[in-house]
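Structure below; questions to follow.
Lettered A, B, C and D in written order, each chain numbered from 1.
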Amino acid sequence: MTDSALRPLYFKPRNGVRIVVWSAFAALLLLLPLVARSSFAQTLLCATGIAAIACMSYNMLLGQAGMLSFGHAVYTGLATFVAVHAMNRVGAGWWLPMWAIPLVGGLAGLAFGVVIGYVTTRKAGTPFAMITLGVGELVFAGALMFPEFFGGESGVSANRTAGAGWLKDVGITFGPQLQVYYLIAIYLFLCSAAMYAFTLTPVGRIANAVRDNAERAEFVGYDTRWVRYLVVMASSFFAGIAGGLTAINVEVATADLLYSVRSGQYLLFTFLGGVGFFFGPLIGSVLLVFALVVLSELTKAWQLYVGIVFLIMVVYAPGGFAALLMLNLRRIKYGEWRKMRWPYAGMAFFGAIALWGFAAIVEMLYQAQDAAVTGSALSVAGIKLDSATVSSWVLAMAVLMVGAFGFEVWRRRFKRVWDDGEERIAEAIKKAEAAIV
Amino acid sequence: MKFNVKPAALAVAAVAAVVALSGAAHAQNVKVAFIEGLSGPFGGVGQNQLKHFQYAAERFSGKQANSGVTVEIVPMDSKGSPQEALALLKKASDEGIHFVAQGNGSNVAGVLIDAINKFNERNPGKEVVFLNYAAIDPDFTNSKCSPWHFRFDGGVDMKLEALTNYMKDEKGIKNVYILGQNYSFGQQVSKYTKEMLAKKRPDVKIVGDELHPMGQVKDFSPYIAKMQAANADTVVTGNWGADLALLIRAANAAGFKGKFYTFYAGVIGTPTAIGAAGADRVYMVSYWHPNSAQSQIESLYTGFKQRFNEEFYTVAAVNAVRYLVAGVEKAKSTNAAAVAKAMAGMKMKGASGEDIEMRASDGALQQGMYVAEWTKAGGPAVKFDQENTGFGFKTVRYLMPEQAAMPTTCKMPKRP
Amino acid sequence: MSTLNGVSYGLLLFMLSAGLTLIFSMMGVLNFAHASFYMLGAYFAYQVSSWTNFWVAFVVAPLLVAVLGGLFERAVLRKTHRFGHVAELLVTFGLSFVILELVQLVWGRTAVDYRVPAALDGALFQLYNANFPTYRAFMMVVAIAMLLALFLVLRKTRIGLVIQAALTHPETTEALGHNVPRVFALVFAGGCALAALAGVIGGNAFITEPGMAQAVGAIIFVVVVVGGMGSLAGALIASLLIGLMQTFAIGLDWSFIGALKSVGVEVTPESFGYPLWKLKLSQVAPILPYLLLVVMLIVRPKGILGTRDD
Amino acid sequence: MSEFALELNNVTKRFGKTEIIRGVNLAVRKGERVAVIGPNGAGKSTLFNLISGRFEPSGGDIRLNGENVAGMRPYQINRRGLARSFQITNIFPRLSVFENLRAAALYASGQKYSFWRPLSALTELNDRTEALMASIELKRRRDVAATLLTYSEQRALEIGITIAGGAEVILLDEPTAGMSHSETDRFVHLIRNVTVGKTLLTVEHDMSVVFGLADRIAVLVYGEVIAFDAPERVRADARVREAYLGAVLEAQEATA
């Protein structure tokens, strides 16, 4: 493992679980390319790796310090521009090795964090959110006004195989995508370790305190603005690394990297992944790449699906997927999970049916809109439908209703079992507490 | 579906038929990745262009064209983002697709050209060819020219050549105001307009040269006020989409009487937004429009409208498909490098019956240019209206390909 | 002329930000989908006016949007209340996505032909050599009427008093037990209706297309922050300020080069930072609101009439 | 160095036109325990908010160990050795009990804004936090999120957060509010234990607590201190009886 220097920071003997988890993470990163062999799959992996760093850095703001930012793409994007310019300098004979470009991006991100954060952190909460949005628009619009640096609409491109160095001599040119993947993987591992370590430092903890109750934090001696400012700086550094990796991965920086939609994506998927747990954004980044690259190819309605899933999650599971996972792990720990197998299976079964019915309706709506081009026939999960016939609509609605009804029935059962389990767990905890002292 | 066979198209069909006979033994399938924003803010335009391509592939390849080459369009949604487009480029090549079509946004096109150059260099034998149907940054056929890039639209330089050619003879033009979106296209429009007007009409005054951030302006009335204050009688603008529609509406509301010379008044949605507001005062430069007297593809236009209830205007899509088919036929192979070589320098008959040529020296299609006026539909000159607005385009000037041709500074790398 | 243009644009911004401010100060919710309701207003008005006429749409569209807004508040927003303001904001954020997609699904992805009614088309009067459009005057009248109506409702009715109390002393009002859910739903619906009204009269003056929500979204947040969170009067001043500033800046071709020249410094393309110095004020006009936001935060973080510090 | 830990000179506070605090003078000696009493709306909580920096006074000065802290931000005042608790529980809801206390002790422990050291390596801080947790009797709830505690546990945690930083001057705003009699007794005992040797100001309604805990009592009525003296003398003060205490004492005697 590469982080031996960091290990004494937080690895205590009693934390065997941590060693196992981090080793598994490293092994996963190492072995993933064996499964994903095609170059497109590797591109996906690279995109996910970069998104993971970006989302985790975003979660330093949202999850750790409770700062809802709509302008995170400013840091990743500006860093990409700086990194691309640095790459061109390397091509022109700078001594910098190519693998250090992400660090250049990180430092650039940090620098922008210092400048922009000074303004945005003057406020907390909702005003902070609005301000980051405004600053994001400002930077985006500014990018097109300074073509000298931002290269106008076609952006600035660079070549990642440029430059010299001993790595070149052993055959690592970063030309092949696989080599880029491993560079990203190493950075991902180091950055996650560093960001995790950050959560365990005094500032990391005080950021939590400020998130929970900023006023109280002031009364125990902390200048909350300064705490926010520090967190923004740290977060922008890691965002900058993600930006630098983007520069290497795609070899071009364009203004759309700064667009508010991208900031919105970081927010959306970090939240879906789960802001309450450190690994939540990792799940989020996988979802992000899945939705943007895979789902958007499968269906035109992908934005609608993402929007609806997001709404449902905010209302019913504000902890994101990470929290759902942890709740189930807790069940397993207290030996309560087995009782929920059947309710889960029932819900999954009818849920899938309802989902099919819903998706069929949505897909037919979209199909009907473009029926002139592609005809009215379509298939949803292998079942053929025709948006021009009534029977298809009736079928879809019937399936949706059957699915929804069955789901509701099982959901009630599930809730009973779940609440039962909750009581038993509460009792178990009480017993355990009573045993202390 | 019946195809009104006009002489030019007949010639194409005849050639196609001959080649088809020779190549009939092995029918060839060519996939084209159509990488465009198909969802999100610019999704409407992308979807509309996709229809053009699919329609063109139907009509000009395979059975209907009596060709052994069948073109299949594979839509891929880039959401208008260059970054996404790059990922899709990789995906396309993974799926064995070696032809890419794109056009909306010079930003994406520029990135694609660059990426394709790099990709082809790193992956010999798996080359990708770029069919650019609408990104008209002249750099693409000059300083950034590439043997893998073919542009089927007219460059900004060609279009302004046509526009200023018309303006030259309009004696009413005295004070010209240039307004554009602040990015390379808007800047180039401004640059070429000034250069060309200085040459052709030295008496015309440029009373304003303004760039505004793209898509940020909600209220154009202050700009109109400025034009009025400057006594402008003519506005040259590269604006498109909402920026164009809002500009013309604001002009109308403020009673600004000047004329507008534009590039993209015909793009889907814009005619609706302009409507009566632009009657007899909006001009558009393009390589084709439905009421061009020389139009050879009226049946294509009506057929498209009948089928999709949308306007047909991207002839570049048709030409891209035709060139691709002819290229494959000539090369007797679907290998992208061979097809690229075959397409370079290839001549055909264009939509207006003119001789078009894919110039080998810079990859720019040499074709005729129209300047058309937005006016009330009806009569032989304005047979078709646009988007059921009751208004359509009327030709006021036509330039033959050789008249519209512009020099190139391209130092084309040797085609492999 | 520029003044009138600026004021009318500013008033439209105020119509938008008034609803946002109301919702924010009453419920603490930053309604991210506010601009989406503005868009819905425009689209509904387009649809209704194509069936009947503009005046029916003028009344019906805001009411429809108000009903939708109220339903959303009851069905979704209320459930997230216990998770705090961030969750509430996120829910409206998600809603803005869904509304955008649904609008595109129903009305297509391009602009619709929503026009100014014939009765209001044309010029009201001439000034110098420019027309002042009747419709702009109409917009101003509607905005001012709305302003007066809002004022009366807030001052003279019971609900108005509760809302007003919430504007200044949110905690106290809550403690007095006035935060009955019905008032919440009502305020949310009312705020949405205001946005929709702005959409009805702005959609045809400008353009009705799926991108219109995003185009104003960021600006109205700037208005609310610059005006001071939760201050209606502040929002009015900020709206007018931004409207006027943008309008006048476009008319001015000032740049740093000119300014430096007048103090005797010559700037050439070789000088350091030339790309910045050469920008003209008119070029940067549309991003001035964002610059104003940044400057405001540095000199007066509370906003123009803000009372709350964070 | 001043002999007073806390001095208020002519402190006033206006909200709009209403003057809530109308020239308060108060001098608290080091190590003294002072209870602030007075009728509802007298401005007791406002006074605490002014001293601790939550509000800025409209006039007058507030001296902490001789230094004027009027107008300073809460964290600046806290760093100068003053900590306070709140009437409405004000804790870090999602942090565990242990983390609540550790966060509260962090700045004073000299860690300030450090991000190069893991918390787990700060042995002394951690031991001290454990000890504090034991002294406020929350040891068995160590890893429970604060929001899940019972009300009285949260009140104890509130006090724990207040004293964790080791401030010399402690302000407790109705520490026993909402507690039952038996809980209150236990709690007063706890407060006495953990504030040994410190200067203590407390707002309290429960007279038994006041007289049991305070060395001196300050009576605040309508934004003015009308008496500030030892408990017996305050009890005997005619003005105080007339303005406030009489009614309260009668009421308490009646219920007792």
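The rule we apply is simple: a residue touches a chain if its C-beta (ideal position, glycine included) is under 8 Å from a C-beta of that chain, and two chains touch if they have at least 3 such contacts.
Everything quoted here is computed from the prediction, not taken from an experiment.
S.K.: For chain A and chain B, which third chains touch each of them?
M.R.: Touching chain A as well as chain B, we find C.
S.K.: What chain lies farthest away from chain A once each centre is taken as the mean of the Cα atoms?
M.R.: D
S.K.: Whole-Å distance, chain C centre to chain D centre, using C-alpha means?
M.R.: The mean C-alpha positions of chain C and chain D differ by 45 Å.
S.K.: Go ahead and note the Å separation of the Cα centroids belonging to chain B and chain C.
M.R.: 37
S.K.: With centres defined as the mean C-alpha position, give me the chain A-chain C separation in Å.
M.R.: Comparing mean C-alpha positions, chain C is 31 Å from chain A.
S.K.: Residues touching two or more other chains, restricted to chain B: which are they?
M.R.: 47, 182, 213, 216
S.K.: Can you list the chain D residues in contact with two or more other chains?
M.R.: Residues of chain D touching two or more partner chains: there are none.
S.K.: Which residue numbers or ranges of chain C touch two or more of the other chains?
M.R.: Expected reply: 108, 283-284, 286-287.
S.K.: Could you list each pair of chains that touch one another?
M.R.: A-B, A-C, A-D, B-C
S.K.: Name, in rising order, each residue of chain C that touches chain A in their complex.
M.R.: 24, 28, 30, 76, 79-80, 83, 85-87, 89-91, 93-95, 97-98, 100-102, 105, 108, 218, 221-222, 224-225, 229, 275-276, 279, 283-284, 286-287, 289-291, 293-294, 297-298, 301, 310
S.K.: Tell me, which parts of chain B touch chain C in their complex?
M.R.: Per the stated touch rule, the residues are 41, 43-45, 47-48, 182, 210-213, 215-219, 221-226, 228-229, 242, 245-246, 249, 253-256, 268-270, 272-273, 275, 389.
S.K.: How about chain D: which of its residues touch chain A in the complex?
M.R.: So the residues of chain D in touch with chain A come to 52-54, 73-75, 78-79, 83-84, 86, 90-95, 99-100, 102-108, 111-122, 139-142, 161, 164-165.
S.K.: Under the stated contact criterion, what part of chain A meets chain D in this complex?
M.R.: Residues in contact with chain D: 9-10, 12, 197-198, 200-206, 208-209, 211-213, 215-224, 226-227, 230, 234, 433-434, 436-437.
S.K.: What part of chain B is in contact with chain A in the complex they form?
M.R.: 38-40, 47, 50-51, 54, 76-77, 79-84, 86-87, 90-91, 93-95, 105-107, 109-111, 114-115, 118, 122, 137, 182-185, 187, 213-214, 216, 307-309
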